[in-house]
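Listed after this line are the structures, all set down as structure tokens.
One chain, subunit A, appears in both complexes that follow, with subunit B as partner in the first and subunit C in the second.
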Partner chain A sequence: MSGESVIEFTGFIKACRLFRENRLAEAEAVCTNLLRKNPLDQATWALKMQCLSDSTYVDELENEDMGLAETFLDQNVIAPNARPGTSFARPKTSAKGVNPILRPTTNAGRPLSGVVRPQSSFKSGSMDQAVRTARTAKTARAVSSTSARNMRLGTASMAAGADGEFVNLARLNIDKYAADPQVNRQLFEYVFYYLNDIRVAHQIAGTASKAAGFEDYYWKNQLAKCYLRLGMLQDATKQLQSSLEQKKLIETFALLSKAYNRVDQPMAALKTYSAGLEVFPENVTMLTGMARVQEALGEYDESVKLYKRVLDAESNNIEAIACVATTYYYGGKPELAMRYYRRILQMGVSSPELFLNIGLCCMAAQQFDFALSSILRAQSTMTDDVAADVWYNIGQILVDIGDLVSAARSFRIALSHDPDHSESLVNLGILKHREGKIDEARSLYSSATSKNPYMFEGNYNLGLVSFTQGKYHECRELIEKALAAFPEHEHCKKILNHLKPLYESI
Partner chain B sequence: MAKPVNVNQSKWTVPVLLKECEIYCPSTCVAFGPILSDNDSKLIIAHGGHRGVNMKLKVFQQLEQLSESSLADMPTALVHFINDLSSIPSIAVAAGPSLLIYKNLKPFYKFTVPSSAINPTESEAWKAVVNKKINGDTLLTVLKRLEDDVAFSKLTPISQTYLRADKETQVVLVEHYGTKIANSATITCIAKLTKSTAEPLDILVIGTEHCEIFLIDSQAFTILETIKIGSVPVNICAYGTYDVDYRLFVQTRASLIFCMKRGEADYQPIVISQSMITSMVLVNKMIVYTTVENLIHFASFRGKKMNTVKCPSKIKMLEPFIYPLKQLAAVIAVFDKEIRMYNEHYLLDTVQYEKPLAWVKYGCYGREDSTLVVAFKDGSIAIQIFRRKANFDTKLDYNQVPQAHALKLQIPKKTKVFIDLTQREVQLGNRIHKVYQKNLFDVKYRLAASYLELTSSASATVSTTTVLPVEISVDIHGFGPTFRMTIHLLSSSKQNLYDMHLSIISDPELYDFDTPLIPVHLLASGQSYSFTTLLYCKDPEKAANCDVRALLVHAKRATPIVTAVIKMPFSEFPLD
Partner chain C sequence: MNPDAPSVEEKLTVDECYVISKEDWFEPIFCKPKLIPLKTVKMREIEKRRNENMERVKAIETASTSEQKNPEVVPKEPKPEKPRNPEELKKQNELNKIDLWIADEDPARRK
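Right after this comes the complex of A and B.
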């Protein structure tokens, strides 16, 4: 056995192979060594930039984090008083009979979706509300104008610069490198993803696009990404449309729809997605995007139909499975929802939320042996951010079982994990109310409504207490708020009808 | 005067009052039909007058009274019928036990219902009193005894009157009627039935107080059939022809409706109503009847209830409405100041009047096929015509239920998985229960453990002890690096709480506080207190954040009373 010699790669080839095998850190180390020997080696330089930017790569399509300022100080919205159903801000009227009692809502007053995504926490209401409530405790929502993810990306560059920053942007001749088609893509991605310096990235993309004679769709897309990050949505739309004329790409369609969503034009976004579907039939990205928009508009039937199409195309799409499961659960078929959640479990996801959902489905489908064990599992694996929800659901189950003392305790534990958990506050209030401690119940309801003013239950229950105590004025205000969340609620209307003659008689 | 309220949409023309007339009569004493040689349909009314005075048979043409003739007895019902194909039709007025037949508005014949058997004791007593063998008082005692023995209604009309009359009248009664005592029953209702389609003669159907129904040949006035039923008939509706097949629907005083078919001998009620039936008509092969509970029932000829209308107020009477040109059929229900038209599914029309109504009659008047004669309580009579362009396109659901009630519950279908799971429950019930009990114990154990931890550390925003029920909530205002922290405290304990402190704790590397320890001298029950402090983020560039805790502590307690844990937001960079 003599002739067999192991081929040992060295130098740039080695770095390339390591990069191919996605061993980014090792590839980067090799590049660093090479650059020490020859700092002017452009190929190595580019490869190192590629390694660095790949390590912090974020799918720009899913990056929906918006800060407080972007959410509320938004001058991009075209129609402030949109017709119902054509705006995310006014989905309520077209939400076909969605009953907040049957399908609970989030803090922002939207019905729960199957998955948590930044988009689903779009906030309706005033900025004042957001400033006051959002930051009192642990919420996932970024409150300041800088969102958590961008912050982390920005800090990454500082940590890396142990022996000096790799590329010093201030001293880099941007015009020269940006015009060089050999390295400009790597440079752009490095600046955009790794350094997170959008202004420079925009400069690079602009120069590169010009150098390519405004003929390169790639640079148009990159420019659009920069504009999206900078909040210049009109420019982003223009770039993307021009890019689509040159080449039809999935990414372009998706980015264009995203831009439309940001300016609150869901109908235009839907149109773009369907145009994309014509070019790329049954494409998962398009279908998922459409489904999300429909869900945000309150068209659950449409949304679930689209998610089912997603599942036909890609049967392991977790978002689609979860959304379909949620719909089944709230549609009164928990046993089917359980099957879907079990499928997610089989695909290797095991989060406390998933176990909790399986537990709740089992409970609703009367599979008591699995119900409690799944919930126990969720409880033992839960992280701090879901602890309140887990305890709240344990409380709900204990209410179902009939152990009200334990239920009250578990709501209290939920509140210790998240003092803003308004559902727990309301349910604790109801339990106190049953015990006859009206004042305690009242204070619990009122803190629930102050923490989540869009909540139907809190407003309604507090309204009821006020009604029985004869505080009619307060009651009317609360009931009107409750009706805003659930316009069809019969009892609210009855109470208002009771109050009307009292007002008229004065 | 009697204008309907909304004229524009009305299906009826504006009512026109008849000139100079004042009519008081029940709705049974009204009929339409040609009675003179001009073949024009007239309005015939048997006017009841006042207490037996001024009883008249009146005939109207157009808007004027054409003629009137006196009536000898109080009319109960009136019918217009054809008894001779070659000559003009006649009128039959039921008064007491007799039918008075008028032809060409002149008295023509008097038919009296045959007398039933008189109780022998009764007739003997009367004979005796006429022959002066006994006096009036003895007669009274005999009759009273008879009343207890056989029942009041079984006595002859004259005995009934005698029992209820005062002394002087009794003497007069004996003088006038004592010799010719008869037991012919009073006619309660009258109807007509066509003999056959080829020979359009009418058969008269009359019901009497003696629970009998007679079918009378109107040519020779011979009784064709006698039917005995169990209750007093008060209203008869006839359907079909006598020679081929007919049905008589008889409403009785006992709130039963009987159906009599040709060739059947045994009559059972087809409708047995719990509440009193007030009116009955036939529309479109349906029996429509009303009860005192303000309900209109639509029933099939077999008595099966098809639909029920709930009306807002008392229904005075029903009148059938048939408009053959457009094949419209409905029932007119008369209320106090309005009429409503219903069919078996919908409310079709409502007409309102300014005066209370007495009755309405629908039929052919003059040359107009569909005329409605409306009589008011004050005696005036108005005439309305159904517009030729009117239709029943706008329909309203009667029994309008609120929509929430009309919605059906969406009960999900049973899935196969559900059935499988149920099967599993049946097979493994025992084991499922055991596992469930064990897990429930586990859940409760963990809950207890967590709660114990919570109470011992008092890291809750709502106090867990019942001795010191205090609630805390914290707001953070600002974007950084300077934040304002506002702490709200609310005590719901019975006594005021004294001498406590609010302590604010966090990582000293990250935040600086203006006042880390705030004295809380007094917490009055039910009052909300707020305390404020500024906090500075030392190094926003680090972009780190950590929890800040606000504790309410008391010098004599080892653990804090309540705790608020706040996750601080990322700080903005300072504005320079």
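Right after this comes the complex of A and C.
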């Protein structure tokens, strides 16, 4: 109808509405046009900075990458020889009866968790081992340092814009704009998240905190974020504690616990989470953080209780469901684990990892038809990063069925996807061992133990082969490594008892 | 019922259990099925952004390398007019494939 009038927004109002609707690219374009007309418009300048930083925003609570420098050159641990149970490096694995035969471990020697976490992607052992890890076409280069990666991220962010650098930090009067409460938050977030220049961000936060008379909890939190990125954990702790005295926020409690985890103080982290729970009862962030710490300490019963409290508060939390399901599966209750995984499937998550986990639960619960269909679906939708694990589990199922030829082929396919997959090496070695090819089995076991020194099965199997071949010294070393991974294994003790008279007679 | 009677405790070790043969403990131990850890929504978003940023950095590097190669293409243009024999054409093609003066840092191009 020609009589109706259509309302169209123009100018700054249009940019604000687009930003509110989370259409960041369009809002940024409108701001760019406005700034071409009037470069001195500070409101548009601040809004454009906010659009750019929101597009590259990363949740600091989840952004917890550890490169080689953070892992091996770390001087932040307060108590290197902590008592068992009070440190991440020495969790109580034997006291709680966690069996490494029943529950597999990662390459870092830590029992598997239900979800992937940023911290669990690095390999432990020694720096030499990490540096000498083979580079293939699919494995990326090891991250040398988090600071270097942040610089590269900043370079990538600036290159994305056609106009080049939006704010020239070298010519910007940082002290002037950092003290201006109208634009300093946008400027800080632009420098911190978009440019990833932590030094300048720290300068902005320091100037803004001074201008606010050191009474603004927001700038103390931002200073703490800068200190965490720069690795200055003591200063971060001080800033966060001071911020908590002024105003208690969920983010502040979580960041303080993160700082304590970085200096290997899980007990202090748990205390901080408990204090946060007193102020914010049944908060999901606090409960999830506590559950993660307990899981890293090896307290799986406590961790499952906390995850169940998370599920009481938030029924669709995928991390809690996956972790509870994992604990039930390795605890001998695959039916319960299957119900939890199907719950994730009902929420619309469709991934090859989920289908494979459902297939494994159905296989353990002896529902073979649904197991095979789930595994075939996982195989058809798998991606490169989980292809080795999918083929390894397919081989394991074929071993259970009894088709050893196809199982060996599956393990070889898994090794073609990931040459460092130590579980496939061990299982393939066992199949060769059964065929009577002892030398091939021996080389496969050796390769597995070199890839994953904390693995129990590789050390034990290689020790067994050495025992049968009469190489008792090598056998003793390997069985002692296996006992370090699983101190309660009776067969290892028996083999050592067999070897003891040989050494006593010398 | 007698309080002075000693309590009897049952203990079993591997030696005393019934075994079919004494070599049952010579069997190797298989690795068990391994549940794959799931990825939360935040982890997926973080990975997406990292991959996008790494692709941008690679695009920058390829653009800079291609800019360096551009001026060398110009003097090569009149050369293909001169040779008319097929043998010389094959030789020049082989020479064109191998850039002796530019060190390729990208491993993908070497393949």
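A few comments on the model shown:
As a working rule, the second predicted complex is superposed on the first by the 472 of 506 C-alpha atoms of A that agree within 3 Å, B and C clash if a C-alpha of one lies under 4 Å from a C-alpha of the other, contacts with A are read in each partner's own complex, and residues count from 1 in each chain.
Simple rule for what comes next: a residue touches a chain if its C-beta (ideal position, glycine included) is under 8 Å from a C-beta of that chain, and two chains touch if they have at least 3 such contacts.
Keep in mind that this is a model prediction, so the values were computed, not measured.
Of the two partner chains placed by superposition, only subunit C is touched by A:Thr468; subunit B is not. Of the two partner chains, subunit C is the only one that A:Glu423 touches; subunit B does not reach it. When the two structures are aligned on the shared chain, A:Leu354 is found in touch with subunit C, with no touch to subunit B. Of the two partner chains, both subunit B and subunit C are touched by A:Glu490. By the touch criterion defined above, A:Arg412 reaches subunit B but does not reach subunit C.
When the two complexes are overlaid on their common chain A, residue A:Ile375 makes contact with subunit B while staying clear of subunit C.
Once the two complexes are overlaid on the shared chain, A:Tyr460 sits against subunit C while remaining clear of subunit B.
In the superposed pair of complexes, A:Val304 makes contact with neither subunit B nor subunit C.
Residues 152, 155, 397, 490 of subunit A lie in contact with subunit B in one complex and with subunit C in the other.
Contact residues on subunit A toward subunit C in their complex (touch as defined above): 56, 58-59, 62-63, 101-104, 112-118, 120, 152-153, 155-157, 159-160, 318-319, 322, 326, 329-330, 344, 349, 351-354, 356-357, 360, 363-364, 386, 389-390, 392-393, 396-397, 399, 423, 426-427, 429-430, 433, 456-457, 460-461, 464, 468, 490-491, 494-495. Across the complex, subunit A meets subunit B through its residues 131-132, 135-139, 142-146, 148, 151-152, 154-155, 331-333, 335-336, 338-339, 365-369, 371-373, 375-376, 379, 391, 394, 397-398, 401, 403, 406, 409-410, 412-413, 415-416, 419, 428, 439-440, 443-444, 447, 450-451, 490. Remark: subunit B residues 404, 410-412, 415, 417-418, 421, 424-425, 431-433, 435-436, 439-440, 442-444, 446-448, 450-451, 454, 459-462, 464, 469, 471, 473-477, 479-480, 490, 492, 526, 543, 564-572 touch subunit A in the complex. Touching subunit A in their complex are the following residues of subunit C: 13-14, 25-26, 28-43, 46, 49, 52-54, 56-57, 59-60.
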